[in-house]
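Labels run A, B, C, D, E and F following the written order; every chain starts at residue 1.
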Amino acid sequence: MTDATDDDRLARGQARLARITGRSGQEVMAALDGIAPDFARYIFEFGYGDIYSRPGLDLRTRMLATVAGLVALGHAERELEVHIGSALNCGATREEVVETIMQMALYAGFPAALDALFVAKRVFAARGNDAPAPVSE
Amino acid sequence: MTDATDDDRLARGQARLARITGRSGQEVMAALDGIAPDFARYIFEFGYGDIYSRPGLDLRTRMLATVAGLVALGHAERELEVHIGSALNCGATREEVVETIMQMALYAGFPAALDALFVAKRVFAARGNDAPAPVSE
Amino acid sequence: MTDATDDDRLARGQARLARITGRSGQEVMAALDGIAPDFARYIFEFGYGDIYSRPGLDLRTRMLATVAGLVALGHAERELEVHIGSALNCGATREEVVETIMQMALYAGFPAALDALFVAKRVFAARGNDAPAPVSE
Amino acid sequence: MTDATDDDRLARGQARLARITGRSGQEVMAALDGIAPDFARYIFEFGYGDIYSRPGLDLRTRMLATVAGLVALGHAERELEVHIGSALNCGATREEVVETIMQMALYAGFPAALDALFVAKRVFAARGNDAPAPVSE
Amino acid sequence: MTDATDDDRLARGQARLARITGRSGQEVMAALDGIAPDFARYIFEFGYGDIYSRPGLDLRTRMLATVAGLVALGHAERELEVHIGSALNCGATREEVVETIMQMALYAGFPAALDALFVAKRVFAARGNDAPAPVSE
Amino acid sequence: MTDATDDDRLARGQARLARITGRSGQEVMAALDGIAPDFARYIFEFGYGDIYSRPGLDLRTRMLATVAGLVALGHAERELEVHIGSALNCGATREEVVETIMQMALYAGFPAALDALFVAKRVFAARGNDAPAPVSE
C-alpha cells in the first residue's frame, strides 16, 4: 500500500522504540545476536515501525492498554516491567499505572494484578522521585 | 476505612454500571436470579461500586484498558462485546477501540486480536451510524 | 509397579467414568471413532482408570476441584458442562458448585466465573428438581 | 442488601485471612503500602470478607478448589505457595493437596502440575513434620 | 536490512497465504474491510510475507507447529480450523495432524486436545476422501 | 486393547524418555520422591510409554510441535528448556528450533516468543559447539 522500504520501517521503528521505552533497542539486538537477529528486526519494524507508529490512539493510552494486556496474560513479567516504564515515559502517571493494574483484578484475577503491582513497585523505586518528562508525540 | 454501607456501594455500583455499560444491570440480576444472586451483587458492589468508581484514571482510558485485557484473555467474548460498547459510551472513538485491539496482536497473538475485531464489527454494526454522546464523569 | 494390564485399566476406567459422569463413555468413543480412537482409550485408561481411581481424595472434592480448574482455564466450556454434572453425581450440592465457581472470580476474574455460572444454570435446569442420589465410592 | 459497613467487612476479612492463611495480612499491607494500599483493603474486604466468609462450602474444600484453580492458571506460583499452606491450615492433608495437583495434569497439562508439585514440596518441607491442627470454621 | 518495499512484502505474503491456506485472502480482506483494513495487510505482510516466507523450517513442520500452538492456546478455534487445513495443504497427513493434537494433551490438558480433535474431524469431513496434493515449496 | 502390563509401559516409557531427553529420568523420580512418586510413573507410562511411543509422526516433528505448544502456554519455562534440548536430540537443528519459536509470535504474542528465545539461547550455550548426533527412531 506504500512504497516504504524495510529500511524505512526499521529506522522509524528504532526511533519509536527509543521514544517509548527510553532505551536504544541495542540491548535487544545484543541479546538476540547470534540466535535470532531477525526477531529483533521484527520487533523494530512491525512492533514499533508499524503498530506503535500508527495514529488514531495517543501513546499514553496505548501504553496503559499494553500494561492491561500484559497483566491479563499473566506470564509476561519482563515485558511488563519494560512497559510500565514506557507508560510513564509516555505521560501516564504512577497513579494511572496502578489504577490500570488494579482494574485487571476484575478480569484476570487478583494474583495477576498483585504480581503486577509488585513489578510496578520495583519500576517506581528504580526511578526514585524523578518523574520523567512525558514525550511529545 | 470508611463507614459506607454495602447498600451505599450497591447503589453507587448500579449507577456506575448504568453509566458505563448503558444497561441497567437488571439483565445480569435476572440471569443470575435463582442461581447466584450474590454474584450480581458483587459485580455491582465491588466491580462498579469499588473499582470503577475510583478516581485516578479517566473512564475512557479505563474502558480501553479493559478492552485490551479482555482481548489478551482470549476467551471472554461475551464480556468483550459488552465493554467495547462501554468504551464507546465513555468517549472512546471506534478508531480507538480498533487501535487498542490491533495492538494486542503484539502481546496476545493475531488470533485473539482478529476474533476481537470481529466482535467490534458486530458492536459497531448494531449501533449503526449513531455515535452516542460520551458520558461525563 | 503393578502387573495390571491395559485391559484392566480400560475396564476400571470405563466403570469409573460411568460412575462419575453418569454416562457410558460410548458417546466419547463414537465421537472419536474414525479419527482418534486411541484418544478415547487414554481418557478411559489414564484419566479415569489411573487418576480418578486413586484413593487419597474423596470423589466429591475431586469433582469440585475439577470444576475450579476448568473455570480457571476459561476455554473449556463443554468439559465444564460435563463435570458440573459429575460434581452433582458425586455428592456435591448445587450450592457447593455455585460457591466453587464464584470463588474462582478471585483467581481467574469475573468473566470466567460469570460464564461458568451460566453453564451451571443450564446443567441445573436440565436436571430439573430431581436431585440425583450421590454415588458411593 | 445489608447495612454492614466497609469497616465491618474489613475486620471480618482480616480475621478470615488470618484464620485461613495463618498470616496476619500485615505483610500484604506492608508490601502494598506506598503503591496501592486500597488493593490490600480489597483483598481483605472482598476476597476474605465477602467470598471466603460465605457459608455453603466448607473451608477445606474451598482451599483445595483454590489450589486446583491456581494450578490451572499456570502463572500464579507465589499465590499457589500461600494457598497450599492455607489448604493444610484448613484441614486438608498433604496427600489431598498432592492428589488435587496431580489431577490438574488432566485439565491443564503435565508442566503446570509438575511445577505445582515442586511448590508443594517446598511448602511441606518448610513445615517439617509438624502437622498443624486444622482450623475449626 | 533489505530494500524490499511494503508492496513487495504484501505481494509475497498474499502469494504465500494462498499457497498455505488454499484461500485467496480476499475473505479476510472483506471481513476486515470497513473496520480494520490495515490488519489484513499486517497478516499478509508480517504473518505470511515475513514469517511464513522464511527459510530454515519446511512448511509441513511449520504448520504442524502452528496446530500445536493453537491447541495449546485453547481459545483459537476458528484459526485452528483454518490451519488444520493448511497443514494438510502443506503435506502433513491426517494422521500427523491427529498425532500432533493428541500430544498436546500432555502439555495443555485433555479438554484442549479433545476440542481440537473435534475441529479436525470437521475439517477432514469437509474434505471428504480427496487428499489434496501437497504444495511444493 | 492390549495385554501390555503397566510394567511394560513403564519400561518402554523410561527408554523413550532417555532417548528423547537424553536424561535417565532418575532426576524426575528423585525430585518427586517423597511427595508424588506416582506422578513420575505417569510421566513415564503415559507421557513417554503411550504418547511418545506412538507411530504416525516422526520424533523430530513431535518435539518441534512440543516446543511450539510450550511457547504458546507461556508459563512452562522449565519444561521448555528440557524440550528444546529434546528437539535437538531428535534431529532438529538449532535453526529449526529458533524458527518454531519465532513463528509462535504470530499466535501467542511477542513476549512469549522472546522469552522462549532466551531459553533457547541458554540451551544452545550449554551445549557449546557440539552438535549431538540425532537419535534414530
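Keep this in mind: a contact is a pair of C-beta atoms (placed from the backbone, for glycine too) under 8 Å apart; a residue touches a chain by one contact, two chains touch by 3 or more.
Because the structure is a prediction, the values reported are computed rather than measured.
After Cα superposition, the angle needed to carry chain B onto chain F is 180 degrees, rounded to a multiple of 5.
A repeat of the C-D interface exists among E-F, B-F or D-E; more than half of the contact pairs are identical by residue number at E-F. Farthest chain from chain B, judged by C-alpha centroids: F.
Of all residue numbers that take part in the contact between chain A and chain F, under half occur on both sides, making this a different-residue interface.
Ranked by distance of CA centroids from chain A, the top chain is C.
The centroid of the Cα atoms in chain A and the matching centroid in chain C are 41 Å apart. Centre-to-centre separation between chain D and chain F, using Cα means, comes to 32 Å. Annotation: 24 Å between the Cα-based centres of chain A and chain B. Residue positions of chain A touching 2 or more other chains: 38, 42, 46-47, 51, 54, 70, 73-76, 79, 98, 102, 105-111.
If touching chains are joined by edges, the resulting network of the protein chains shown connects every chain directly with every other. Interface of chain F with chain B (complex): residues 105-111. Of all residues in chain F, only 31-32, 34-36, 38-39, 42-43, 47, 70, 73-76, 78-79 touch chain D in the complex they form. On the side of chain E, the complex with chain A involves touching residues 1-7, 9-10, 38, 41-42, 46, 50-51, 54. Across the complex, chain D meets chain F through its residues 74-75, 98, 101-102, 105, 109-115, 117-118, 120-121, 124. Across the complex, chain B is touched by residues 46-47, 51-52, 54, 56-57, 60-62, 64-73, 76, 79, 95-96, 98-100, 102-108 of chain A.
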